[in-house]
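Below you'll find the structures, each written out as structure tokens.
In the two complexes below, chain A is the common chain; its partner is chain B in one and chain C in the other.
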Partner chain A sequence: MIVLGIESSCDETAAAVFDTESGLRSNVIASQAEHIPFGGVVPEMASRAHTERIVPVVRQALTDAGVTLDEIRALAVTAGPGLIGSLLVGVSFAKGVAFIRRLPLVPVHHMEAHVFASRIEHPDLAPPFLALVVSGGHTQLIWVPKWGTYRVLGTTRDDAVGEAFDKVAKILGIGYPGGPLIDRLARDGNADWVKFPKAFIKGDPFAFSFSGLKTAVLMAVEKTPENELELRKADLAASFQKAAVGALVQTTLRAARKMRARRVVLGGGVASNSALRREMEAACARIGIEVTRPSPIFCTDNAAMTACAGAFWFERGRRAGYNFNPNPRLPLDAFGNE
Partner chain B sequence: MLTAPEPRTYVTTSPDETREFGKRIAPRLGPGNVVFLYGDLGSGKTTLVQGICAGLQVGVWPNSPTFTLINQYEGRVPVFHCDFYRLGDPGELATLGLEEVFFGNGIALVEWPELAEEWAPLDTIRVKITRRSAKKREIVLHGLNL
Partner chain C sequence: MTVLGIDTATPGLGVALAGPDGLIAETTIHIGLQHSQTLLPAVEWLLETVGSNTREIDGVAVTIGPGSFTAVRIGLATAKGICVAGGIPLACVSTLAASAARHAWLSFPVVPMLDAKRREVYVGLYDVSTGEPVAVEPDTVVSPHDWLENHTREALFCGDGALAYRDLITEKLGAKAHFAPPWVPLASAGVVAVLGRQKMLRGEIVEPDAATPVYLRRPQAVLP
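Here is the complex of A and B:
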């Protein structure tokens, strides 16, 4: 059974073809390079770019998969959360195709899709597990006792971790997007150059906070003599990354112990950070917890994860009518469970 | 003739104190009020918003809207928590539904408001936050008496 997935919740216009028998058949992502001059996503431009790109992106996904719309049995589309203008492009397009081709429409929650991303390469992945979804807009620790049941244990109190990477990259003057640039720069740096604080929230053991860390980096930059700054950027990047990754790993382990989790599943753009992968795997291995993580191409926003989740839920009866609308604040449990 | 109050300067020495200061602002706000919060990265804009929202009986903990652009909370009146950090030019504001945010019956708290100056109602309250040291913040209030 072949499913076409469409994702347009933020930056990326993406389409993918997923086959429940043979797995992923194609995965096309158009990233919006015109965001780079501004150091972030520009919403109005994002929706316009989605509109321009969705048809060629879907066409490419079908071509790459070697199928036509005649072979597609269902359309899976990101229903939220995200930017409303961006979500609307994907949902409206999917509705149009579904209506004309008389195809069922399967709504997918974007965060749930990030959890399903690991299932593209690990089809046997099954709950219970603890998921850590980390990106520019999200930092969530989610306990998954079964597919469709999601208990958010912790979230950020201020900035998302990916947002902290972006803003620290801006403070260091190294460009956008911050995640990969800091990851690369940090490899040449001394992670113990500055001991940045890890913020923990009293009474909320699974919460995250990255705003104070961002301010601490800013102050460390100001304290660095101007003629030394260029030389110290790698050290500052490495020290920041160590603190941010440390907070993610420690909090995840605390939650894993509490829930007696045997497995941690990573997802979201920050899950491709090399230090996070390394530290999480080392820390979990010490206490006998397995880590499942998607390849970097499935960490960033993509439609393969949307199609993979959509195919799973299509087989279990999830459907949306033509009157369904995207929801920028869609709750995780909006569509029920197994 | 009514004149705007003179700008007043306040100092806080911790994030908690900045939140407490926000709680003092909250009772002065009502439907239709727009608050522009100016300040660099790490100055404490979101922290101040957390205090104002607590004072407005918002039941959730506000976090950074940098990614989402506008968060909406239910307090004693609707609260719109905006952040235009990511925007490139004022034209992009046109798609965000700011009519409801700035001229509806809620309270708008706007971080990185520089691009939205043209949208500012005449009685917009302006708050400028400056980092004086690691914990110390100087907060200047324009258009509001505490």
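Here is the complex of A and C:
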């Protein structure tokens, strides 16, 4: 059974073809470089770029997979959360295709797709597990007792962790997007140069907060003499990354112990961060928990994970009508649990 | 050849079907910007009502703007999906030209005005005296006050911008200003379907890969 997935929740226009028998057949991602000069995603520019790229990206995904629309059995499309203008382009296009071809349309939650991302390369991956989805827009700890059932244990109170990486990169003047740039710069830095605070929320043991950390970096930069700053950027980046990753790892472990999890599954763009992977694997190994993480190409926003989750839900009857509307704040249980 | 016309550029939603004898069916719904939910259900209903189905759609004509950015994209992205997956041609029509065309054969110009917010309007100046809308000036976005400083001829004003700035227009032009009656809808899918069909027959087809809305405004974004 072959599913075409379409993802346009933020600044990646993506399409992929997933076959429930042979696995992933194609995975096309058009990243929007036009946001780089602005140091962040400009929603209206993102919507415009999606409108221009959606057709070439979908055509490429079909060509790469060696299939035509005649072989597609269902369309999976990101229904939210995300930027509404961006979501609407993917959803409207998918609805047009579904309408004229009389194909079923399967709405997919973007966070759920990030959880399914690990299943693309690990088809035997089996719940229960604890998922940590970390990106520029999201920081969520999700308990997955079985595929298709989710319980959000913790989320961020302010900035998403990827957003904190972007903002710190801006403070350090090293560019955008901040994640990979800080990761690279931190390799040459002393992570103990500044002891940045890790925020934990009283009474909410699985919540995250990164806005105080960002402010602490700003203050440390202001305290650094101007002639030293260039030399200290790597140390500041490494110290920030240590604190951010430390908060993610400690909170994940606390939740894993509470849920008696035997496995942690990573997802989202920040799951590509080398320090997070290293620290999470080391900390989990110490208490006998296994870590599953997707390859970087499935960490960033992509439609392979949308198609993979869509195939799962297609077989369980999830459908959207032509009156279906994307939701920028879609709750994880919006379409019901399995 | 049956052409599906789609107009989502204004707070009115319009869908229509046109064939060799002109308009077959048209539906207009003025309930504000809910086009994402209403567009395809309206098309489905229209096809059912006329005893047709998706296989009988031979082309799609869509308004390409100016208008609400998001709303224009809903119509265009849906049209792209239908055309690419259906292997049928796409034609694009200016929202303002389609709006002006409703007043064909008028001896003085038609000024379609859409409320562009931020105290501006999307506005065009169309000669319809030959029965077809011919742009006298390119469509633009401007404050209605500035536009009226430079345009003092007798004209028919239509669109939600004309409603929003009716007092200002009357103050500047007096009896030379005429207004479209309230039964003329904002959305112009019927015109779009017929004009788009004519375009297709003339070979004026747009590749869905490259089709992009007419925004007339740059995105609001500030370089750091």
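What to note about this one:
Operating definition for what follows: the second predicted complex is superposed on the first by the 338 of 338 C-alpha atoms of A that agree within 3 Å, B and C clash if a C-alpha of one lies under 4 Å from a C-alpha of the other, contacts with A are read in each partner's own complex, and residues count from 1 in each chain.
We adopt the following convention: a contact is a pair of C-beta atoms (placed from the backbone, for glycine too) under 8 Å apart; a residue touches a chain by one contact, two chains touch by 3 or more.
Just so it is clear, the model here is predicted, and its values are computed rather than measured.
Once chain A of one complex is fitted onto chain A of the other, the partner contacts of A:Leu69 are limited to chain C, with no touch recorded for chain B.
In the superposition on chain A, A:Ala94 makes contact with chain C only, not with chain B.
After overlaying the two complexes on the shared chain, residue contacts for A:Asp158 are found with chain B alone; chain C is out of touch. In the superposition on chain A, A:Gly85 makes contact with both chain B and chain C.
Of the two partner chains, chain B is the only one touched by A:Lys167; chain C is not. By the document's definition of touching, of the two partners only chain C reaches A:Arg102; chain B does not.
Using the contact criterion defined above for the overlaid structures, shared-chain residue A:Arg277 touches neither chain B nor chain C, since it reaches no partner.
In the superposed pair of complexes, A:Asn323 makes contact with chain C only, with no contact to chain B. In the superposed model, A:Val58 lies in contact with chain C only, and not with chain B. In the superposition on the C-alpha atoms of chain A, the part of chain A touched by chain B in one complex and by chain C in the other spans residues 37-39, 42, 44-45, 47, 85, 170. Within the complex, the chain C residues that touch chain A are 36-41, 43-44, 54, 57, 69-70, 73-86, 208-210, 212-213, 215, 219-224. The touching residues of chain A, when paired with chain B in their complex, are 10, 37-45, 47, 81, 83, 85, 136-138, 155-160, 163, 167, 170-171, 211-212, 214-215, 218-219, 328. Those residues of chain A that touch chain C in the shared complex are 37-39, 42, 44-45, 47-48, 51-52, 54-56, 58-59, 69, 84-85, 88-102, 170, 321-326.
The touching residues of chain B, counted against chain A in their complex, run 15, 40-42, 46-47, 61, 63-64, 66-69, 85-88, 91-92, 94-96, 131, 134.
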